[in-house]
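Presented below are the structures under discussion, each in the form of structure tokens.
You will see chain A twice below: alongside chain B first, and alongside chain C after that.
Right, the complex of A and B next:
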């Protein structure tokens, strides 16, 4: 099989992976992995707190490495790969966060919102474009709206100046047919590039990412060993190998990306991401993968079943960034359980 | 609040509202209900917007001329509520100052003193331009103030608000950065915390979610009973002007942080009750205006 289609890989190991270690990646971690990814020929290396720029907080977890140190460290250790950041309006502001980040030499800004709220990205997207960097829009939790509504939101991002739109399966809820349908809708309805970001809650991350490529997506996200929130992301080195078998050109050296993945396993993670039972439930319930750690902790504190918490959060359609609601749901479930026992 | 004076004089304070979006229109309904206020002009930019239609239906004088209408018809009001955007308020403020109009600013422009009626109503009486901070600020600052008063070494306060997507109009969505900055400044000023952070989430779930605000704090040695006691008094004060305000969780210590969670159900005036964010900032603005209405008319005002 030969494809003319070129695929760019955006490596989220040092951003999404931060979710898996409570945002504790060190400057040393960042430096060594950046070197390895750069040597392998990864197009974009994304760096930062799991929820992106300016997101270090009690709500989401405080980052061990402040944004400016993480970005300066990455900048020093990347030569061919572009340096990318994830930016969510409502967390990161232009003055406090984005301007200093751009001054440190960020190349790619990915401005993200919940899938139905693209208009909160207008100022961050147009500002970034005006600064001459590459700008993508990201629509998170994209399983929560239909393909046509997703297109409507993506078109807004295009109108603000985004050069491409990534839709994110933040809960790992999709199966390949869902992804294929959305990529086709976006590719047909937009004049800019389309990208996809997978999570592995239902074991579909690689299959979904391949489905995205087959349907015309040209930017694919992955993480070394799948290192990311919850059950993790599409396993980068596996994705590169599968794309090679399918005849896509990624410009990535297979041996070197395998080396980078080995390094990531040895230096970045406490445990290799697996699909834990609660992650399956998170994927079924359509709840943000990054909720796994706080839900597990709080369920233990309130002596309730974390799976019940996930299904209740899903029922309430809680979005990424609303981690505080876990406490309220836990309190309610604990009270309900107490009443049931009386 | 000394309402007796107003009742005796039987003269209502004449107000104008600039901005015919969600906030302005909800405010209009509250003004019309107030025994101390009357609406002299409801001003927007588009006569066919749903806010304007609502005002017309209510028989209120409307204009699509923006702030120019007040410049041309200075007698239409003594006080102006500005419910436009931060950027627009920066243009409006000097014009209104020149006309000698008191201003209650509902944008996050933050030119004037920040007003949170349950905490500093009296301090605002002599001000020319007061700023109502933000919806998240109105919901969280009383709690942050109580934390500042009852806890030692308040290192950090963080406030996370979730609002229903339907309650966030275009200006709110364009003003997220100003919302964050103004809320953070307000938290710092009222609590004395060394560092503050504000976060805003929009939730599109249907049926719409009620406005909720969570306050996290890092302090040296949390004293929960003392905080709970002070909070219960403050909540009583808030509920006098925002009946739908309620603490639904805490104060408690979880994972090393103080946590308090408040829910605000609105009065359902223009938008349904889920839009507590509209309600809390508008109820605060009305409480402020009613206080002005009952204060002596020749109070000396401080300029800004």
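Right, the complex of A and C next:
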């Protein structure tokens, strides 16, 4: 099979992977992986706190490496690859965070919001575009709205000046048919590139990402060894290999991306992401993969089943940034269990 | 604004008026009101009126009505402080203070920024629809009114069918009733209001449908192709083209457009609808090349990987046969010259 379509890979290892280690990636980690990804010919290397620029905080987790050091380090070690950042308005402000980041040489700004809240991205997208950097919009937790509503939100981002829109399966909830339907809707309704960011809660990350490519997406995210929040992301080196088999052009050297993945395993990870039972539940419940660690910890503290917590969070449609609710849910479930036992 | 920029825009107007001023004679010693008068179109009309008054002694009294007269006065004192120009701060939906002796009215009030359409679709529609209703009610009280020109949009007929070379005024298409098409659909309904006002109140109203423009006074932070290309190049960045660069658009220069509007206003028959734009198409790839020619070193041109949807029209051009045959209008400033003048103006303005 031969495709003419060129795929741009955005490597989220040093951003989404930061979730998996409590945002503790060091400058040395960043430098060595950037070198390896750059050598492999990865289009874009995304760097930063798991929740993006300016998100280091007590509530979301304090990053070991401050944004300015992470970005300066990455910039120094990327020559061919572009340097990307994830920006959630609210966590990142234009004056305090975005301007300094652009001054450090960021090439691609990915401005993200919850899937139904694209409006909050207007200023950040417009500002980034006006500064001459490439800017994409990202719609997180995209399983929570229909393809038609997703298109409405994506069109807003396009109107603000986004040059691509990536929809994110933040809780690893999708199966390939879901992804195909959304990509087709977006490709038909937008004039800009469409992208997809997978999580692997149901073991579908590669299949979903390939489905996205087959339906017309040209911006695909992946992480070395799947290093990312919860059950991890689409495993980058596997994705590159599969795309190569399918005849897509990514511009990535297979051996070198395999080397980069080996390096990532040796230097970045405490453990390789696996699909744990709670991850399956998180995917089924449609809850953000990054909640796995706090949910597991808090459930243990209250002696309740973390799977019940996930399903309750899913029922309440809780999204990233609402981590405080985990505690509230756990308390309620514990009280309910106590009453039931009396 | 810098003196050399003022001189440039004045020169642009005089260049267009040379040998064509007689066609605007009905404007002599009259009172013209432009509602929504501080945007791109209003500013160019003000420049053209200033050139007519100073260069040809037309004696036009011009009133510009807008919510943003303060910014206009700060930005363009050479227009705002003229004795023949009055600024009236007002929302189009509440036109309390309106020149009672207006002979001519141009209604151009609407926000063309697609970002506002996306974030505030209801407000976008309100300004267009409620605003047009308000203008029609006001026009009913104007005893001297000769004609009212409503500036609609070249988008009201929907996407250009792949089978035609340009969208004619009588095209039958329309956009889907989705929020993302609030602007063209509201404009379309506003045209209906104009028609209703003509039928019910005998208001002499005609419609111009603007397509795409280029020139000084266009904000470079708007996410349109030519403004983005210019902005990229002025910053010394590569020019980034969305998609494969084969989308076709056309651009009419600001001073050309101002002359077209005044000519249609004065010569048009009530009820007429006229496309305003350039019929000369250019691919975005060629547009990027044209922009790049004006910079040294020439910026790199990059294409992103967005595939174009099959069946989506890649072209939006006006059919301007009617404007040409009925009003003698044509493109006075070719695209290459328009881009050159615009790039020079922005460069002068920033230095």
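The rule we apply is simple: the second predicted complex is superposed on the first by the 342 of 342 C-alpha atoms of A that agree within 3 Å, B and C clash if a C-alpha of one lies under 4 Å from a C-alpha of the other, contacts with A are read in each partner's own complex, and residues count from 1 in each chain.
Convention: a residue touches a chain if its C-beta (ideal position, glycine included) is under 8 Å from a C-beta of that chain, and two chains touch if they have at least 3 such contacts.
As the structure is a prediction and not an experimental result, all values here were calculated from the model.
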Overlaying on chain A: chain B and chain C, fit or clash? fit
Report for A:143: first if it touches chain B alone, second if chain C alone, otherwise both or neither. neither
Identify the partner contact of A:155: answer first if only chain B is touched, second if only chain C is, both if each is, neither if none is. second
Applying the document's definition of touch, where does A:225 land relative to chain B and chain C: first, second, both, or neither? neither
Can A:119 be said to touch chain B (first), chain C (second), both, or neither? both
Between chain B and chain C, whom does A:293 touch in the aligned arrangement: first, second, both, or neither? neither
Classify the contacts of A:15 with the two partner chains as first (chain B alone), second (chain C alone), both, or neither. neither
Quick one: is A:132 in contact with chain B, with chain C, with both, or with neither? Answer first, second, both or neither. second
Can you report the least C-alpha distance between chain B and chain C in the superposed arrangement, rounded to whole Å? 7
Overlapping contact positions on chain A, where the chain C interface meets the chain B interface: 119, 122
Touching chain A in the complex, chain B uses residues 156, 158, 160, 162, 165, 170, 173-174, 176-177, 180-181, 197, 199-206, 209, 212, 214, 216, 218, 248-249, 254-255, 257, 259, 261
Residues on chain C engaged by chain A in the complex (per definition of touch): 114-115, 117-119, 178-180, 220-221, 223, 228, 231-232, 235, 237, 240, 242-243, 247, 304-309, 312
Going by the contact rule at the top, pick out the chain A residues touching chain B in the complex. 57-59, 89-91, 93-96, 114, 116-117, 119-120, 122-123, 144, 297-298, 301, 316-319, 321-322, 324-325, 327-328, 331
In the complex, chain A residues that touch chain C: 5-8, 119, 122, 126, 129-132, 134, 152, 155-156, 159-161, 163-164, 187-194, 216, 218-219
